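Some structures to go through are shown next.
Look at the two complexes coming up: chain A is in both, with chain B in one and chain C in the other.
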Partner chain A sequence: MSSLDRKTSRNMKWIILFLLPVTVLLISFFLYPIVFLVVLSFMEWNGIEPMSFVGMSNFSSLFSDSIFQTSIKNNLIWAFSAALLQIPLALLIALILAREPRGWKFFRTAFFLPNVISLVALAMMWRAMYNPEFGVVNVLLENIGLGHLARNWLGELDSALPAVIFSYQIYIGYFMVIILAGTISIPKSFYEAAMIDGANVLQQELYITLPVLRGIIVTAGTLAVAFALRQFETTFLMTAGGPANRTPVMGLYMYRRMAGLTYGRAAATGVLLILLGVFVLSGLQRIFGKSDAVGDSVQ
Partner chain B sequence: MSTLQLTETHPALKAAAKTAKWAMLIVYFVIAVFPIVWLTVSAFKTNFEIETSPFSLPEVWQFQNFVNALSVSGLPQFFMNSIIVAVAATGINLLVTSLASFAVSREQFPGRKIFFTFTTAGVLIPIIAFMVPYYTLITQLRIYDTLLALVVTYSAINIPISMFLVSSFMATIPGELEDSAEIDGCSFFQRYAKIILPLARPGLVTAGTFSFIYCWNEFIYALLLTSSTSSRTVQLAIRFFTSQFRTDYA
Partner chain C sequence: MKAKTVCGMILAVLLVCSVFPAFGGGAREADREIVLTWPCIWVGQDSKADTIEEIVNEFNEMHAGEIKVVIEPQPDYDGYEDTIRTRLAARQAPDIFTFKLSPTTAAYYSGDLLMDFSDELAGSWGETFNQGNLDASTINGQAKSLPYEIGFTPVWYNTELFDEAGIDEFPRTMDEFWDACDKLKAAGIVPTSQMTGGTNSWTSMLWYTHFLGSYGGPGVWEEGWDSPAFEQAAAVLKQLYSDGNTTRDAIGADAGVSGGHYQAGRTAMFINGAWYIGNIRENSPEVYRATKLAPAPQAGDYYGHQVGWLHTNLGAAHTDDPARREAVIKFMQYLTAPEQAKRVSLAAGSLLAVEFELAEEDELDPLQAMFIEAGIQAEFLIDHVEASMPVDVVYELGQAIGAMVLEDRSPAEFVQMLRAADPRE
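== the complex of A and B ==
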């Protein structure tokens, strides 16, 4: 150990030098923002005059604002639909592709393709598809005889939020790839043994694939929920919170508060957004058990 | 489960399961991929064609939309801005994280684990919550509305994920190589630059890809930290096009 210690102290200057740039950037862009955000959430500030301490009034005014309440509710709807629609769909598709049907590599690439395109481009594309005059969605519904369902999807109070969420969560490629990567690591011999014992495909999936994939599914679910809570672009570009403030999410609410120069309330929204994330994600971990390390999934 | 199929005794069920499986794949294919095909095809049509016959192939495959997008709107400059930002931010990000990853994964020092946890914990934070702090920080640094603002911000935002990818990759490189290099008189910096960095290339490529895609597609902070057209990126530009200029930004 003594030789190791000597080596360490000799290199300590180098080590500090190597760690310095990352440390400076992390302090400026992660640590300082958190501290600043928390402090500012107790202040009133318009960005020009000095800040003044207002205690909890930013938070209490947020909770009495009906648009903020809608934003939190919408964020939770986003998160629920990610967990209940997006992940099961990704799992189903991944399990089908894991059995390597004809052309599975083509399907895998095709299903991942939308994830390479930016959310901005996808949002603009779906806005055109939902367009009441020439949008493909309505034209399609009319052509298959469901013309009575055609509507101004993004303009009507009841259909706007589901339409926005659908346009985002239909893209499962990222989670499909994560789950698919997990299935590939399951030894084929498990299935061979199960088949000799007379287990059908459904039983094989239920008793072999799903238990082995549990950690990965929880990871994918955690990521999907985290993405849903961070939602901004899709809503901002497709409805900007409308119609009649039915679709805002917390990110959009914060953006509006900033644009209105009420930085204190924007900061309070940011604090609540982080807390909501911690709360929901730790709740998920408690219910479903530990996920694999978050980073594992991205490799 | 649509892959449901029973043993040979139930051929009808087996066929039904097979049909369900393919129906599932094809329906999802149509929903998820068709819009992108439609968008790409529409880019070759006139506005009139898009509005009157949205499903048909264009009568004449015409490139006028692309020409308009390139000549009228200043798109080349926005592309250039995006490329500069993404390349510079990814470069800085990889440089600083490879330095820190080398120290964390190849050296022993007190507080090593804490440092690693601190750097990677940022993955869990919704970056969108930092709108106010980033805006004030960039204004205070007097780099508001410059490409530099985006470069610095993006390279910092991607540190946690890059640290995780690069340092876990570096940790898998066997130590014997370094030991023998040290015996041959390699300095600390040479061990980083000549031994570990080349060997860590796959890890760096993965992290770099993530970073580049993030920078290329980032929208919120581009919107918040720039205002003039001279520092506008492609993602912001898309927003200003209405349906008449449809280009595929894959």
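== the complex of A and C ==
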């Protein structure tokens, strides 16, 4: 064996040794649960008695359930609203703050602050704000002469889903910080050259900032959509899927199947949620992430 | 180089081992002392918390060095049920725990996860329990849980608000009831607290069950979905959600909101159990003093019944270790001894499945006395929806009420929604 071979062999030992912990973690807490989930989706199991194989019946029963269909639809609405509302808003704020206007550090902190507060606390706060009897939203509307718009925001068919989504998507701080960090990497000389050429602020943003940030925006969008697809807490706490099954999401549907001790159907829901995530996120990358180093790196 | 390799291997092994809690150290039982963990819901602000803690501490002192019961605080009801369900599915039943016995949780009795108390209950211990409650906790001859707290929920009404509206007594018929609602509304008072939120639409579920009992009588659950009582009671519930008979936030409201309206004197009628006495006594003393109890008005052929069921059962993990089993039995016998039950009941206002005698010097809460009197006067007791139906139906109840009220669905469609959610159908 040559000295080079011996060195490579020694290095391999080290590589294996140091990869072992993370490999064990990955197998224990990621690979095994997913394999178990897939296997369970073909079983009937109440968590107490032994499992029994039921083939595709868990999946077929899901697709014949109107509440499950509504859950998929709502998950997609959540995902699209993340892409179309949360990211554009985060981008707008980031672009404004990147210009470092007066008090920009305060606003950067203020926008980010909700991200360090528990989602549960935020959901409870919004629940109180939306209350039709004493909630601040209706009081505010009445004070500005829009009392006719006051309603039971979480208890009416048309307003419940938008109200829940709004209460979550309004928190753009996380994505704003990602985009803001991206703007720092843009050389100032680009803007100076553009100014010499007579470009105004809007043109600078359109033709310099946005193209350079494209990869980061796709990254932020991917994360926002992923967060939206796994949505559970906000819906669970604010509407529990109501009123009249207008706001359920797949996570909530899965939770309810587990509460009913039908773990097979819950697992089938989980499998479909993963597939939906893969489908939506790969679609997003295919459309926006082509030939993009930053976007590709997050896949 | 060799030393380096050995160090590297040790480091890697330590990193791998650190993944598993079994290698990570942690609490260890002292020699011979048996430690029993009890994930407990009766903690924090719960009205039973202080007394339960006292009882556990006393037990631990009495068995110092032999048995130690450790309470794991779990103050959230839904979270508690999730924890128990998950631990049972993982075959890691807690040493001691509580659960609501229902058609869904009856599955816990399958297999060998839970301790069977049948042998011990066959002796004098079994005689301390209400026999009906004990029978209800026995499935296929196995008593794998002990009945502890009884749910009993008459209608609460605020006599001051009734007086203000010119109503002399709680209505007996539905005509009188709707008339009373109109008088209350005319006086600017919302008649009833309702809710569709939470996991079980608690307050509305209880209103619905009262009327279900009035239409279907004591055998309504045995009749099943084909009983017309389900639709008839739904029609009354729909009316309760209409014409200002409840608050604007009832659709989507949870138990805090529903109870909060009653405690704030915004609503005149409300339904809950005796465990709520401590809460209202502390937070709304005026409303507490003005509260009286009544059976729901007569909607069908039956009147004078109450909604009553097994609210909480005590369970324990099955064990093959005789010493551990004995320790659990000792604690359960101590906790469910009549004198301890009396302490819990008097302190919290709760009604328990353990029978005890009241002495003259015992100070019974006036509202709790009304509960006991209402129980004695009840023509019959009927289980509520959550105690009689699978969890899926209970979850769907709030959605079906929302659909009936907001989409103007008929009572028949309401029942159809519940039936569709029933996995037994």
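Basically, the second predicted complex is superposed on the first by the 269 of 299 C-alpha atoms of A that agree within 3 Å, B and C clash if a C-alpha of one lies under 4 Å from a C-alpha of the other, contacts with A are read in each partner's own complex, and residues count from 1 in each chain.
The rule we apply is simple: a contact is a pair of C-beta atoms (placed from the backbone, for glycine too) under 8 Å apart; a residue touches a chain by one contact, two chains touch by 3 or more.
Since we're looking at a predicted model, the values are computed, not measured.
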- Determine, for the superposed arrangement built on chain A, whether chain B and chain C clash or fit. clash
- With the two complexes superposed on chain A, say which partner A:131 touches: chain B (first), chain C (second), both, or neither. both
- Applying the touch criterion given at the start, work out whether A:193 contacts chain B, chain C, both or neither, answering first, second, both or neither. neither
- Query: Of chain B and chain C, which one touches more of chain A's residues?
  - Reply: B
- Query: Looking at the overlay, does A:113 come into contact with chain B only (first), chain C only (second), both, or neither?
  - Reply: first
- Message: If we overlay the two complexes on their shared chain A, which of chain B and chain C does A:146 touch? Say first, second, both or neither.
- Response: neither
- Message: Taking the superposition on A as described, I'd like to know which of chain B and chain C A:14 touches: first, second, both or neither.
- Response: both
- Partner chain(s) touched by A:37 [first = chain B, second = chain C, both, neither]: first
- Query: Looking at the overlay, what does A:226 touch: chain B (first), chain C (second), both, or neither?
  - Reply: first
- First, second, both or neither for A:258, with chain B first and chain C second: both
- Message: Output check: A:84 vs chain B and chain C. Expected answer is one of first, second, both, neither. What do you get?
- Response: neither
- Note on the structure: Given the options 19-27, 73-81, 181-189 or 379-387, the segment of chain C that clashes with chain B spans residues 73-81
- Could you give the residue numbers on chain A that contact chain B in one complex and chain C in the other? 14, 18, 21, 25, 28, 47, 131, 133, 258, 263
- Any idea which chain B residues touch chain A in the complex? 1-7, 17, 21-22, 24-25, 28-29, 31-33, 35-36, 38-39, 50-52, 54-55, 95-97, 99-100, 102-104, 107-109, 115, 118-120, 122-137, 152-153, 155-157, 159-161, 163-165, 168, 188-189, 192, 206, 210, 213, 216-217, 219-220, 224, 235, 238-239, 241, 243, 246, 248-250
- Give every residue of chain A touching chain C within the complex, in rising order. 13-14, 17-18, 20-21, 24-25, 28, 46-49, 131-133, 152, 154-157, 160, 239-245, 256, 258-263
- Query: Where on chain A does chain B make contact in their complex?
  - Reply: 4, 7-8, 11-12, 14-15, 18-19, 21-23, 25-26, 28-30, 32-34, 36-37, 40, 47, 89, 92-93, 95-96, 99, 101, 107, 110-111, 113-114, 116-121, 124-126, 128-129, 131, 133-136, 139, 170-173, 198, 200-202, 205-206, 226, 229-230, 232-233, 237, 251, 254-255, 258, 263, 266-267, 270-271, 273-274, 277-278, 281, 294-295, 298-299
- Quick one: which bits of chain C touch chain A in the complex? Just the residue numbers, please. 5, 8-9, 11-12, 15-16, 18-19, 81-82, 85, 88-89, 104, 107-108, 110-111, 113, 196-199, 247-253, 257, 261, 266, 390-392, 395, 398-400, 402-403, 406-407, 423
